[in-house]
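Order as written gives the chain letters A, B, C and D; numbering starts at 1 within each chain.
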Amino acid sequence: MISATVWGENVHERTSDVVAEVYPDGMHTVIADALNEDPNIKARTATLDQPEHGLTDEVLDQTDVLTWWGHAAHGDVSDEIVARVHKRVLEGMGLIALHSAHYSKIFKRLMGTSCSLCWREAGEKERLWVCQPSHPITQGIDRYFEIEHSEMYGEPFGIPTPDEQLFVSWYAGGEVFRSGATWTRGNGKVFYFSAGHETYPIFFQEEVRLVLRNAVRWAAPTTPRWIDDAPNVPPDQAPEPITISGRTIHKPGDEGFK
Amino acid sequence: MISATVWGENVHERTSDVVAEVYPDGMHTVIADALNEDPNIKARTATLDQPEHGLTDEVLDQTDVLTWWGHAAHGDVSDEIVARVHKRVLEGMGLIALHSAHYSKIFKRLMGTSCSLCWREAGEKERLWVCQPSHPITQGIDRYFEIEHSEMYGEPFGIPTPDEQLFVSWYAGGEVFRSGATWTRGNGKVFYFSAGHETYPIFFQEEVRLVLRNAVRWAAPTTPRWIDDAPNVPPDQAPEPITISGRTIHKPGDEGFK
Amino acid sequence: MISATVWGENVHERTSDVVAEVYPDGMHTVIADALNEDPNIKARTATLDQPEHGLTDEVLDQTDVLTWWGHAAHGDVSDEIVARVHKRVLEGMGLIALHSAHYSKIFKRLMGTSCSLCWREAGEKERLWVCQPSHPITQGIDRYFEIEHSEMYGEPFGIPTPDEQLFVSWYAGGEVFRSGATWTRGNGKVFYFSAGHETYPIFFQEEVRLVLRNAVRWAAPTTPRWIDDAPNVPPDQAPEPITISGRTIHKPGDEGFK
Amino acid sequence: MISATVWGENVHERTSDVVAEVYPDGMHTVIADALNEDPNIKARTATLDQPEHGLTDEVLDQTDVLTWWGHAAHGDVSDEIVARVHKRVLEGMGLIALHSAHYSKIFKRLMGTSCSLCWREAGEKERLWVCQPSHPITQGIDRYFEIEHSEMYGEPFGIPTPDEQLFVSWYAGGEVFRSGATWTRGNGKVFYFSAGHETYPIFFQEEVRLVLRNAVRWAAPTTPRWIDDAPNVPPDQAPEPITISGRTIHKPGDEGFK
């Protein structure tokens, strides 16, 4: 059983009639429902307005994979919580950044780049092509699938070269975008997926829900959580016998600067 | 002519007699001297205690490559300056992180990982092996070179897989370390080099100085600085004619959330 | 249940008294025994002297992961069989190249590089350090393990930058080596592991056997075999309606040049 | 001055009236002309029908960058010449594979994968988007450029993840393609560029010619040619003193199996 936590900013849903009509219970609820269609995934939700944004240590202790959707309130996410989530990803928790989460603090921190892109909101058709037909995340998708009304996200996408390029999108308006890609950071698997604009019912679409389930299964850790301890190895514990030489600013037993 | 700025924390040199004896004018001065031995490099220095840590917009405007040495005072580097340097790297400025700068804010931000390692200060011998004999950074180095007294930095090194692995180190005490590696972030080239412990005269060693000069030449931008504008593309400027459909939370001309 | 086929050149074992004494039934038999200690792996063997080197289509149909050990007779492996194995890897079969298989036809074909290294046979101590402590292949290994008598393999190792660097080795004689690394080729996972010199009983060592079992589980395909069909898409089957323009050298229905 | 050799299969130009009309002197001549517009590049041509396909050791000795166009006669290229070119690339010669050269022996050997793609020849519009606006190869190109009549090449493209994704193409018929990408193999830089179908005058188009010149400058070696010698290091020449232990099948001075 994979435990997923679906984090939703949940701002547009409460401030925009347009979005509220599409997602009356919030996008996070719809995403969690999509995940829970897999009997091997147990998804719950967390939102910005909860204490600690719903991402307490207790919640993260029980989270194998975290999905993230944010847009209007990236800046309201506490740096402390971002650091906490970041540490968990490095220890092995999977992270799936959705759509406008390309600009979320956590995704930018994991990538180290601008994560910028160009964009147009015209409800045009997007066709997502599969670049790796045998990847676990693209299983069940044919050569491509289409989102009838989508926001255009276009190149250049300010990311480090992905480990794996899974989807590339074609837009009716003439652009392209590297819409699905993976990276490893520490012991955590990261997947970015561009689908999921707030004013269209994209998270109700079957192919999108399938990719989300596939991605959660792919991103779930397969080894125990690893705690990075960065130890000092005292000279008398070196694998080979050595004699100390040279001078030092440390005293024996110092932990080092971090 | 390549303009290099050598950033030095310059704390140990003023607080530790041991370090002050080795580097009476600061490590940054010795590094800058090493770079200036190349007539095509013009290196100046900047330090933590200067206004804006010596890294004003004016200085960065004239910096092709920034080298970074920090250790005791990583936390004292202002987040605003780190963001400024980060933006410059993404635009094309080269960055060379030296030794304990593996834990600097700027290097960690560029990597997105813990950048941790294990370590031992025993003055043991380090032998740096060349993994890419034809890389610009390793030119002039034979199969390996040795640092007679070095601090041990050992695996696991908490970095994303490098684009290029240039050096791997052997230590007398029995450890190994991926001591020289490169990454691209945005339009900037990044090189990490583990040499340079503060209590040993490593920056006076000829092979180290050669690698530093090679690295600065390699990291210098070869194309104009690129300003990431992440534009909105209005529907009437799409490359292909499209009709707007669907609803929106944006008004025409909105810049989007960042 | 994962089906593994352990391919052994099985030449030294029959021509060298030294090797025959260590591996009287061949290295392949010892490797297969190591794998079969995992109840979820069923390993069989295949050798150079069998018809089709023991790698018939029937055998490969039932092979999830192929391990490869060769040394003296790389040139005797038929190009046809190499092409057959290569195709299977691209379709999803895992490949584990052991020790001197760095120069095997199949590994060189998958890498596209020289795969060269420097070497010394002096029975010196090798210490293999774990670079990714949370990777499935390094599970159960502490910070490092040692091989008391090993052949030295040293840098530069002529490989493309690995996707993941799992082990780096330290040698008593002073060299280092990137001794464990992974790549993806097509839909197949590839692991190179340098352990396994023929004159030392390395494949009887528990840590080596553990890594082999871990690697087989890691390399096993998790999605159905993918057959690469590289189709022509006739104009009337384009996702968007198009009108043919321009001239052609093809007739309708042509398969294209391959 | 960069020496480029433009290799052309030159078969369609002599067997197809359609192609001969577009390229009466062969595509290779037009490509060489494009390169020679840069006063710092000196380009000559070589073709399949010449002795040694025009790629003698003397020619390769004077070649910094080789461009390759082939289609109908990939199988007629001698394996010996492919091995010779491959060795040169690993030593540092740049290689630029154009259009249908995705299936050339040399490109497939460098990639290690199928290099397959799907395709349609309908003369439709292709729009090539720049993914890395500050890369040397994309200099002078705005956000995109268009080829009015092009052959569609579509995903999945059977390549290893590129080091750098430079162009992604949009097609009027609805597909996308990773149309410009780079890899390093040994000491050689490799660029694949999908432009250049034989029945359209694409190599006369200014943006394509600009990319070709940029690519040649980028791929030119910046360090001396490196000859991979893979030496045996005798025990008495180990960097650290060691005592030989264990048994061996080699005699002193053996070169090892390759």
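What we mean here is this: contacts are C-beta pairs under 8 Å (C-beta built on N, C-alpha and C of every residue); 3 or more make two chains touch, one makes a residue touch a chain.
Since the model is a prediction, treat every value here as computed from it, not as a measurement.
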Task = Enumerate, in label order, the chains that touch chain C and chain D alike.
result = A, B
Query = Count the touching C-beta pairs: is A-D or B-D ahead?
reply = A-D
Between chain A and its twin chain B, rotation from the CA superposition, multiple of 5 degrees = 180
Query = In terms of CA centroid distance, which chain is the most far removed from chain C?
reply = B
Key: Computed distance of Cα centres, chain B from chain A, in Å   = 27
Note = Taking each chain's mean CA coordinate, chain A and chain D are separated, in whole Å, by 36
Query = Taking each chain's centre as the mean position of its Cα atoms, how many Å separate chain B from chain D?
reply = 32
Ask   = Can you list the chain B residues in contact with two or more other chains?
value = 127, 132-133, 154, 161, 163-164, 174-175, 184, 186, 239
Query = Which chain A residues qualify as touching chain C in the complex?
reply = 91-92, 127, 132-136, 139, 144, 146, 163-164, 184, 186-187, 221-226, 239
Inquiry  = So in the complex, the part of chain A that touches chain B is made up of which residues?
reply    = 12, 16, 18-19, 71-72, 74, 90, 100, 103, 109-114, 116-124, 149, 152, 154, 158, 160-161, 163, 172-175, 183-186, 198-200, 228-235, 238-240, 242-250, 256-258
Request  = Name, in rising order, each residue of chain B that touches chain C in their complex.
outcome  = 127, 129-133, 154-157, 161-165, 168-171, 174-176, 178
